[in-house]
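Please read through the structure below; I'll follow up with questions.
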Amino acid sequence: MRFIFKTRYEQDINLIQHNGQLFWYGLLIVALLAIPAAASPYLLTQMSQMLIYTIIAFGLMLLAGFTGQMSLGHAAFMAVGAYTEAVLAIAGWPFFLSVAASGLLAAIVGVIIGLPALRVKGLYLGIATLAFGTIVEEVIARAEHVTGGNAGLMVPPIQLFGLRFADGPAFYYLCLGFAIAAALVLINLLRSPTGRAFVAIRDSEISAQSMGVHLATYKTLSFSISAAFAGVAGALYAHNIRFLSPDQFTVVQSIELLMMVVIGGLGSIHGAAFGAIFLIALPQVINAVKPLMPSALAEATGLQPTIFGMMLILTVLFEPLGIYGAWLKLKAYFDLFPFYRKGMFRRQKAFQKSDRLK
Amino acid sequence: MTAPVLTEPILTLANVEAAYGAVKAIRGVSLSVAKGAIVTVLGANGAGKTTILKTISGILDPQKGAITFKGEPIDRRDPAEIVRRGLSHSPEGREVFPLLSVRNNLLMGAFTRSDRDEIARDLELVESYFPILKERADQEAGLLSGGQQQMLAISRALMSRPDLLLLDEPSLGLSPKLTQDIFSIVKRVNRERGVTILLVEQNAAMALETADFGYILEHGRIVMEDSCAKLRDKDDVKEFYLGLKDVGVRGHRRWKKKKMWR
Amino acid sequence: MSGHLFEAKGISVQFGGLRAVDDVSFTVAKGEVFTIIGPNGAGKTTVFNIISRIYDATTGTILLEGQDITQVAPHRVASLGIARTFQNIELFEHATVLQNLLIGAHIHRTTNPLTEALFLPSVRRAEVALREHVERIIDLLDLAVHRDSMVAGLPYGARKVVELGRALATKPKLLLLDEPSSGLNVEETEDMAFWIEDITKDLGITVIMVEHDMTLVSRVSDRVLAMNQGRVLALGKPDEVQRHPAVIEAYIGRPALEVVPT
Amino acid sequence: MQIVQLVISGLAQGCIYGLIALGFVLIYKATETVNFAQGELMMIGAFAGLFAATTLGLPYWLVILAAMAATALIGLAIERVVLQPILGHPAFSIVMVTIGLSYMARGLVTMIPVVGTDTHALPVPFRGEIFRLGTLVISAEHIVIIAATIVLCGLLAAMFHYTKVGIAMQAMSQNQLAAYYMGIPVKRLSGLIWGISAAVAAIAGILLAPLTFVHANMGLIGIKAFPAAVIGGFTSLPGAIVGGLIIGVVESLAGFYLMEGFKDVAAFVVVLLMLVFKPTGLFGETARKKV
Amino acid sequence: QTQGVTPTQITLGSIQDLSGPAAGYGKQIRSGLQMYFDELNARGGIHGRQVRLIVEDNAYDPRKALLAAQKLVNSDRIFMMIGHLGTAQNMAAMPVQFERNVPNFMPVTAAREMYLPAQPLKMAFATAYYDQLRTMLPEIVKERALKRACVVYQDDEFGLEVMRGGEAALATLNQTFVERASYKRGATEFSSQVARLKAANCDLVVMGTIIRETVGVLAEAKKIGLDAVFVATSAAYTHLIPQLGGPVAEGFYAVTTTAHPYPDDPNPAIREWAVRYKAKFGEDPTVFSAYGWQIGNLFYEAAVKAGQDLTVESFLRAMETPYGTDLFGSQGCAITAQNRLCNNSARLSQVRNGRWVITRDWVHGAIPTH
């Protein structure tokens, strides 16, 4: 057990609360920096992909986990970012400019998609975003002269300072940089008034309003920040995948993004990262254990979706707070080690209340 | 007041402990409610009164201890099943069905019953207690005022014709006049229909006047139990629960006196 | 203390066929504690909802410091200096007490999302300042023990205090308290009385309160407005209103119960 | 005439959307969660019908009953195994579970040896039969679909409004805790509603089978049924059907009169317009919190 | 040392749709390939090397295809990508392969991008949808004296290719499409599309459709009485069309390359092959199983020619020599440095009495040069 005596208010505000944290996060960064030395090119691409999804997860977590707005159209923001980046890269824009443009354009689309959020909540918002996502997908497919339509679009590699950032360690470090920056932005927002306003909207719109929080402003702000994250991640994604087509950004993809934050643990920043790791690692793990399965099962066509669905169900069933929840328990277990009591984490009966009145 | 004939207990709690996650809310509570009696539990904010009631009606599973209702154990049962055994609970926070009409709310109170005529008669009865419920029969319950919802919650609990009625702060948010009415209704229901009542109240004066037997709860423990007549005589009860000092509870002192349970 | 801080001129609200508030006018002087009483469903909370702009008045105007605020947007009300608590408690359940209070101070933010994203030193300074402001409220209301607890796990009484604290954190001129003492026991009601006194005397905040506890009402209010069925029944000094026959008839019932120790 | 023909086709297709939407609304009304696996229940129902018709060789009306029964059982089982343990958790968690279920259902179906990833045809007695009314053509399949939809909707709406169990289901969706306090057997009713909506899904599946065949991904049509339910207000059974019909007709007309691609997004454009102009849908009640 | 080749083993990769909308095909191609290589390994392999085939799933999603390609190329270090299914999927995977000098051998998609622009690492066998129509459509139009051609197509690259091929074919006859209607992939309802065709009085409908959509369109057309000649590409040439469509599929045409291997095929070798296939996989083979087998066979022949020292270069050199017909009567393979397509021939089949019958034998299209 660790007791921290606080003597100044700043201590609550600081990024790092104590030396233990400093040590572990430091270690994590060092490990992340060291990965290219050990990883195969394939693994490195996967790691980059993971970092890219982490950025999306951060954004979606801000929206779904902290502002309480459901988005079933997040792939659309990714698509806007990815296509903007591709088109601008082809037009020869320098990377940092084009990536900024991708984020910005996605944010603008985010504001537009966020507009229904001003009138509808919960489930309805989910459907509205789903509808919007589908329409964006269709628009991309139709705007053939810009996006290449259903035939797809090849994305040129990033050229930065005369160097090629197409793949390998260079691209990985680029993604890492963006992911760390995204994490910092998210944490900073959450420890300041904006983040608290988001949480207020999530918990009670009516009293958020009487505290002077302008619902429309903050909801659209949350949508646009979240979309900007997805847009920037989409831009990186475009370079990692190098081939864009509208069917990479469907409703199913949006649902998978949402799945990612739920499995990771809704309402926590760590959870976002865990979710991204899960989403990318699971197919790898399934492939890795395939040789161990009976061949009939290993060759079964529906294996991957089945396992995906099963993991999602098991997570919600046994660990509603997702991977992050499990992580917390593990930590508590070790912190308390000899004093750990069995009933401590027993789940209570829970009772659902109507969302229609919020 | 004449003490009613105290028969065997209809409800007993033996050494019950309940917790919210890692927070223990009640610790080793033992109490018993005699059949036909009105029993009250008093205690400060956060003492665990609501928790006791929730544990009895199965909303919360006790970690330890046993709860017996009509001679059978009811701990760790499905709440709906406990209700069907003849227990009814008017919860803290009203908990009406906001989008159902007032009438349907009341009918849901009688969900476990199938005697149509009797239900109709009970409906008339509760509507005579609180005429507003009849006036607003078709209004959505969620749009009632706070006090009206409270009346609805109590009436709804009565509609199941329980053997044991748990009332959690029934007077919360009611006007002084209705508060008096509520307690007389409680008494009437108890006398006329033989319903046993377990009452949790902040209005200690009223509670002690209405009930036969009382428990005092502090920090999740029962610190005192006695007949209400005797409880009303204790100095600490007078001071902390009845406010019977010349000038308020603490006079003009802003600091708090420690309670010393004797 | 010249002029009114707040004035309601002939306000009415119609819900379908129901006139919940019917031509109500009153003024509140600066520094005053103005109490609204009335039977359940009289329209007291609705008056609050009009003032805090959750409902639109069907007719009538409301003025704050002479300025017409009948049409302002609901989220602007806080910056005009009006804060409120809710009858059924509307806190941010999945946030700590500290965070709840900080959200209360939202209108006093000096930073914007861009500087916050980078957490510039100015943001840090602003955060510390906000925190200091909020800590003073925590001290005043004795909330230090709950500072880092999730609101979801607090007992009813503590939540009432947190809500009061959150309203104070907006640094209001006019504070609307909807049944501040409901669910509190005598001792806690006493605390509430002290706080209301402090709020008006030391912080200079004007209070409009809806309350059913007549002891508290007599003790803290300067003037009392009694309502019934949406209309004004009586307006005046607390004891005058309490003695008003119509008020006794509709609201108080028989004289407050005296518990005489036997 | 052209337009009438288009409207008729649209209505028939709309009934299918409506039937799936009906399943959404049923579960929503009783548990206030959205079942993303409703389309997959429909797929399971269609496969059950296929099995009854081809392997068992049952007559058509028995095929329907058998499929309804089998799917209802599966619905019950799903409820019992994965939903009951988290009953009472936030709606969002339950939605995620149903998404997981839909993935699993799609995956598992393809693992069944004979079924696999193939497309199958369900033998139907009235297949290909058409009635002509002047130049108008109405197929028997469509008439059956429309009739079945109306009957089902009427029955279920009556259940919700007039029976104690129906009202109790609404009650438990609004305040589960209070439902327990009233002795409403929340768990049993939740199982019951899953069974019923699975049976409705089975009917939808069997009615849809002649039009789109039976295959593992046929449930994806459920995505179009969401807008239908929303347009109807999500809490109204007739609303679901009306919403479905609107979407069916709009699609049909958009496909004929508007430019390419409009047919596919028509449903979503309509639902967005609806949400902007009347967020509660055509028949939804405006629920506002009183403070 | 060439990637994926050891003294005892050749590692090949393939990406199929094993869980998505085209999973039926993917599995059959996999089975065809697997059957060929299993039998080959049992015979002793290629110059003493066993062939190991690693199949990845792309769920018909280009993104997954790309990741699968990265895995196969970088992690499993395959020698060659063989029989990859899907146009967009191949488009996504090829850059990854080519960066590591991994050839794309005989993808199962009839898109022109599989051999154009010409590139040594591209090798294709499937006559492009575009060319299928360009060669075959004028024949039908002239034969049946059709005047009003229409098209209904899936709104993606596949459907557009069909539409463009039809346009090119009609251009040679000074005709154009009088009506076009499209639908989104996965659509189940075609009433408004068919209504448009009917309103335009079409007598020929070119179909850029696959299976369910084909049957859906045919059924709707029959219902509202649109009486026309329906022609599709090899994408709709599968036994499922007559099986699902029943009477509505009668008379429907599809361009064909390899013929469906019916268990009662007149050719005893094919009959015997079908029996082996059924014994191994428990189901009757389809034309996709045959594609898989043909691709495996062509790889074998070229690899044998390449000799003991198997490298990408030696294999490509061997590939640029002519190959003859195979078990299924293919028109051989004549790949050159400029032409990366085996041949551009096609035939035409029609559904008669519930099965496919070849109605016009091989027509040789021009060698593609674009």
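To keep things simple, chains are lettered A, B, C, D and E as they appear, and every chain counts its residues starting from 1.
Throughout what follows, a contact is a pair of C-beta atoms (placed from the backbone, for glycine too) under 8 Å apart; a residue touches a chain by one contact, two chains touch by 3 or more.
The chain list, named the UniProt way, goes like this: A, D = Branched-chain amino acid ABC transporter permease; B, C = ABC transporter ATP-binding protein.
As the structure is a prediction and not an experimental result, all values here were calculated from the model.
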item	value
Neighbouring chains shared between subunit B and subunit E, ordered by label	A, D
Pair of chains joined by more contacts [C-beta pairs], B-C or A-D	A-D
Label of the chain whose CA centroid is most distant from the centroid of subunit C	E
CA centroid of subunit B to CA centroid of subunit D, Å	44
For subunit C paired with subunit E, centre-to-centre distance based on mean C-alpha positions, whole Å	75
Geometric centre distance via CA averages, subunit B-subunit A, whole Å	47
Interchain centroid distance [CA atoms averaged], subunit D/subunit E, Å	37
Subunit B: positions in contact with at least two other chains	20-21, 59, 79, 98-99, 142-144
Subunit D residues counted as touching two or more neighbouring chains	107, 110, 116-117, 174-175, 177, 180, 216, 261, 264, 287, 289, 291
Multi-chain contact sites of subunit E, meaning residues that touch two or more partners	19, 23, 27, 155
All touching chain pairs, where touch follows the definition stated at the start	A-B, A-C, A-D, A-E, B-C, B-D, C-D, D-E
Contact set on subunit C toward subunit D in their complex	45, 49, 54, 86-88, 90
Subunit C-touching residues of subunit B, taken from the complex the two chains share	20-21, 23, 44-46, 50, 92-93, 132, 143-148, 150-151, 169, 172-181, 202, 204-206, 208-209, 229, 232-233, 238, 240-244, 248-250, 254, 256
Sites on subunit E touched by subunit A in the complex	18-19, 23, 26-27, 56-57, 59, 61-63, 66-67, 70-71, 73-75, 88, 91-92, 95-96, 155-157, 160, 185
Contact footprint of subunit D on subunit E as seen in their complex	19, 21, 23-24, 27, 155, 180-184, 186-189, 191-193, 195-196, 199, 211-212, 215-216, 219, 222-225, 240, 243-244, 246-248, 282
Subunit C residues touching subunit B - in the complex, by the definition given at the top	15, 38-42, 45, 87-88, 153-158, 179, 182-188, 190, 193-194, 212, 214-215, 250-254, 256-257, 259, 261-262
